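Listed next: structures, encoded as structure tokens.
The same chain A turns up in both complexes below, where it pairs with chain B and then with chain C.
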Partner chain A sequence: MLTKGMGLLVLAAAVLAFPSLAPDPFILSVGVVIMSYAVLATSWNFVGGFTGYISLGHASYSGLGAYGTALLVIHTGINPWVAMILGGLGVAVLAVPIGIASLRVRGASFVIVSIAMVLILLLVFQSWGEVTGGSNGLRVPRPFDESVLRPEQHERFFYLHAALLAVALLVWWAIDRSRFGTGLKAIREDEDKAQSLGVPTFNYKLTAFVISAFFTALGGGMYALWFGFLDPIFQFSILVGSYMVLMSLLGGIRSLLGPFLGAVIVGYAVEFFKNQYGDTQFHLVAMGLLLGVVVLFMPDGIIPAVSQLIDRFRPQAASIREVSAGELAEQRRTASGPGASTAADPATDDESTDRLSEGVQR
Partner chain B sequence: MTETATGTRIGLATECLSKSFGGVTAVDGASVQFHHGKVNALIGPNGSGKTTFFNCVTGMIKPDSGRATYLGDDITGKASHRIARAGIGRSFQLCRVFPRMTVMENMLVAVRSTSLRHLAAPARSTAEVDRARELLSRVGIDHLENSEARDISYGQQKLLELAGVLMADPETIMLDEPAGGVNPALIDRIATLVRDLNAEGKTFLIVEHNMDLVMSLSDHVVVFDRGRQICEGPPSVVQSDPRVLEAYLGI
Partner chain C sequence: MSLFFQSLVLGVLLGGLYALLAAGLTLYFGVMRVVMIAHSAFLILAAYLAWFFTTETGLDPLLSLVVTVPLFFVTGVLMQRLLISRLRPATLTMMSVLLTFSIALVIEGMLGFVFSGTQRRIRLPYSGESIELFGANIAVVKLIAFGLAAVSLGALFLILKMTQFGQALRATIQHPDAARLIGINTDRIAGYGFGLGLATAAIGGTALALDSTIYPSLHWHWIGPLMAIIVVGGLGSIPGAAIAAMLLGLGQSLLQIPLGTTWAQTIFYVALFATLMVRPQGFFGGRLAQRF
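Right after this comes the complex of A and B.
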């Protein structure tokens, strides 16, 4: 517990110190891109990590959030941050019917529905030129006035993304330890079994889906305000959705910080390959290879793989030997006496010692 | 309305329940009554529709026609979580637990939440964890509470599934082959548990092929063949019924 807290403090310090350590504005802008990916991947993980429904089309919600924010700022002139939050809420409302329709199917069918959603939105936003700017793109007014120069913008947006990421992580953490989260994880493991135990699975899935769409849309909106230009082909791209999945899988979808870690690695790699081999599309090949390696060798992601490695050096888990009905009754009789849980019974010696060691750990 | 002539209370009952898959009629107009507060057994040859009957009654699949009632209330075609909340818990033929969750987390899934605030609160509340520990110690796997469910043995997973069902505190517990794939010592333990829980007022409905277990444990036996009931009664009567011997033992 203490080491976890220390780890988080170090991580937070590293994130906060990054802008002052970054050697030039380009590296700082890479940092902003990575934080934006981290927000999107963490938001994706509300559905992917908790319920196990793998959506390849989460670019739908980041794209809608981005366009929603931009169009609100352009047409109503309201405060851009208010526009971003309204955009997020709007997408959350839209996610209710989308979720009701798409969460009825599982596995591959769900993946295909999610991809279909992005492709539909791509066509709509490309064709509906008078509102979205179509393929010519949409220029988004800057939230800060002209006196704030580029590097200063990058720095501000780096911290804003970090704050949004912190909120998303906090909500994910709270759900993870809640009863709601326990139900969601049960859905991930065995949906029918969870329902037979009384978990209203559909409502749970839908709620997680809407929360995920909300945070993804906020991430999209914030990106729009930073980047200042939207083009449907990049906003509603299968690639963006795949990145969210790849990052989360790489880091570990069952871990709080898994998507963040994945975003740092994949985000850095994408920018590196784009920079070095920009003309060759090599970054796509590299991403494909990385995804293959993850699925084959670390299906649970980096964080679980590393923590399992560490666990090997810890005292081994309890014995799995079974006891008979008589032994069990005997155990329970002795256990009900004061301090008797550690009393060694010859027949169940190994189990008693396990209890003892567990008692110490507690 | 739920009393028979002999004064036995009827818990779970079905009327003309049918379910077919393509050309196969798995459950064919089954009208069955189970006694509330007793240990009921449902036996029959493989493919006689016992598990499909189970799944229809617990809402896992929707029956094509017919009615299922529980203590007089219609539960036909209701979603399985609603049936669970009505007081019917079940285990699965091929034991199902949540593999990548710890034994304790497996237990806490069954906790009911009625308010948003309760739902958003941490899952590991003292009262619920204590209750889960009590049940785990009752089935004899409390020392495994921090192990992941996929790491424990099959027998222990069966016990965990049973403890998880008990955590939801159902009145009626439906067990699909509780003795399947476990060693004799463990069968003995499961039988003891069923007897104890029944003495505390739980109703059981058990699908099982282990005849010794069925005959020693149950108060009321229903025999299925080709998707419908062919015989019912106390073990002594059922055991000697010629239809049962023919269908089940092929004599």
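Right after this comes the complex of A and C.
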């Protein structure tokens, strides 16, 4: 507990000190991008990490948050920060029907809806030119006046993103320790069992989904105010949504700081690639390969892998610890020994196969 | 009136292609519970291969099927055996989405890398020709594409209904445990099911290359409608997918008259949301689909 607290303090100090350590405004702007990614990935992790429902389309909520904020500022002229929060709330309201449609059934439909949302919104925002600016993009007014220069802007937005990240992390941590969080994690491990134990699975999933959409929209809105320009093709891009997934997965979706760690690694890599090789098709390949490798060989992420490694050198933990359904199945399989799965023998007797498979058809 | 009839015919032709591709997606979902995002990426890959074949040899793009169909079948089997089957069963559906998504990204990136992002189109001697049918003008290439799709769908139907392999495949889709109990090697069957699904992408891609302009990121325009089709049809039901594909293809084509091409596409997403709200297991799916 003490070491954890110390670690958090060091981390917070490192984040706060970054702007003064950054050698030039460019590095500082990369820092802002990484913090923005960290906010988005942490927000994604409310639904991905707790419930295990993987959304490839969270770019729709960040994009809607960004456009909502921008349009509110342009048309009503209210305070940009109020606009950002209103945008977030609006997206949260919108997320309710979307969540109801996609969460009534299990995993596969959820993913399909999440992808469909991005594709629809891209279509709508590109063709609805009078309101959204269409493919020409939308210029967002700056929240600070002209006297604040670029580097100063970057520094302020770095701290603002860090603050938003801190709030999101705090909420995640609180949910993680609550009864609500335990219910969500039960859904992740085995939804049928959770339901039969009396967890109101649908309401829990929906709540987590709405919270996630809210924070994602805030992240999108803040990005819009910083970047100052929105184009549907970058806002409603499947690629942005998949960055959130890759970052969270790489860091570890079960850990509080996993998405943050992933955002630092992937965000830095993305910016480095763009700077070195420009905007070629190659970054798609690199992103695809990295995601594939993580999914195949490290689906639990870096943080659990490292902490397991450290635990090896520590005395055995005595208290009850969390075990995932996958780990449990693996333990049981090894405990029952080999020979437990010899059911899959190729068919030899044609006639019996025919007769019995008719029974299967019903 | 003739405009309406024209759209009707074009809708049927488009629906045929959708039906073939959606049948492939349904196969993957049926045998492995995998939502295969890379399906449309393979579709575009096949279209590029057909285009490349024609520009290099000057032969008809249809001849490229001789190479691409077996190639895609083997790729599908290998993909299932080497990649998908490695994932943990507990998180298979979600992780397979990510894995196939990453494959789609790699294919899109490689296509852009090798062939550049320029839009490509096959020029054929019969590209401009069309047939007059009750006042509707139908391009020959569209008819060929539809014929290709119809023949392959028919072949797929015959394989599934008439052969022993088809029976084993359907048993695996309906109840994998029971299928294993009666001695079906479900792992191998699942691999072949994957190969068959990918072969539909090879045929569909060649049909697509005949009459449309292709570019690497085109696959995103296909995956959304196809996903919507399999949900509306009921995940895992091939006849359901085929019917939904026909209906939605027709709907898209007819809506293009009053709404224009862009907004007509939204019919797929409207249908998707309506289905999930009203009847989440899909309109033509059995009990199988309920839990997904």
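Throughout what follows, the second predicted complex is superposed on the first by the 314 of 362 C-alpha atoms of A that agree within 3 Å, B and C clash if a C-alpha of one lies under 4 Å from a C-alpha of the other, contacts with A are read in each partner's own complex, and residues count from 1 in each chain.
Convention: a residue touches a chain if its C-beta (ideal position, glycine included) is under 8 Å from a C-beta of that chain, and two chains touch if they have at least 3 such contacts.
No experiment lies behind these values; they were computed from the predicted model shown.
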Please work out whether A:Thr201 is in contact with chain B alone, chain C alone, both, or neither, and reply first, second, both or neither.
first
Once the shared chain is lined up, is A:Thr182 touching chain B (first), chain C (second), both, or neither of them?
first
Quick one: is A:Leu309 in contact with chain B, with chain C, with both, or with neither? Answer first, second, both or neither.
neither
In the overlay, answer first, second, both or neither for which of chain B and chain C A:Lys193 touches.
first
Contacts of A:Leu289 with chain B and chain C, given as first, second, both or neither:
second
Could you look at A:Ala325 and tell me whether it touches chain B, chain C, both or neither (first, second, both, neither)?
both
Check the residue A:Arg254 against both partner chains and state whether it touches chain B (first), chain C (second), both, or neither.
first
Max touched-residue count on chain A (chain B vs chain C) belongs to chain C
Tell me which partner A:Leu56 touches in the superposition: chain B (first), chain C (second), both or neither.
second
Residues on chain A touched by both chain B and chain C 324-325, 329, 354
List the residues on chain A that touch chain C in their complex, please.
52-54, 56, 100-102, 104-109, 111-113, 115-116, 119-120, 123-124, 126-127, 238-239, 242, 245, 249, 280-292, 295-296, 299, 324-326, 329, 343-350, 352-354, 356-357, 360-362
Report the residues of chain B in contact with chain A in the complex, numbered from low to high.
58, 60, 79-81, 84-85, 89-90, 92, 96-101, 105, 108-113, 118-124, 137-138, 140, 143-144, 146-147, 151-153, 155-156, 164-165, 168, 183, 185-186, 188-189, 191-192
Considering only the defined contacts, which chain C positions touch chain A in the complex?
29, 33, 35, 37, 83, 86-91, 93-95, 97-99, 101-106, 108-113, 117, 164, 167-168, 170-171, 174-175, 178-188, 216, 220, 223-224, 227-228, 230-231, 235, 262-263, 265-266, 268-269, 272-273, 276-277, 280-281, 290-292
Seen from chain A, its contact residues with chain B in the complex are 174, 177-183, 185-186, 189-190, 192-201, 254, 317-320, 322-325, 328-329, 331-332, 335, 351, 354-355, 358
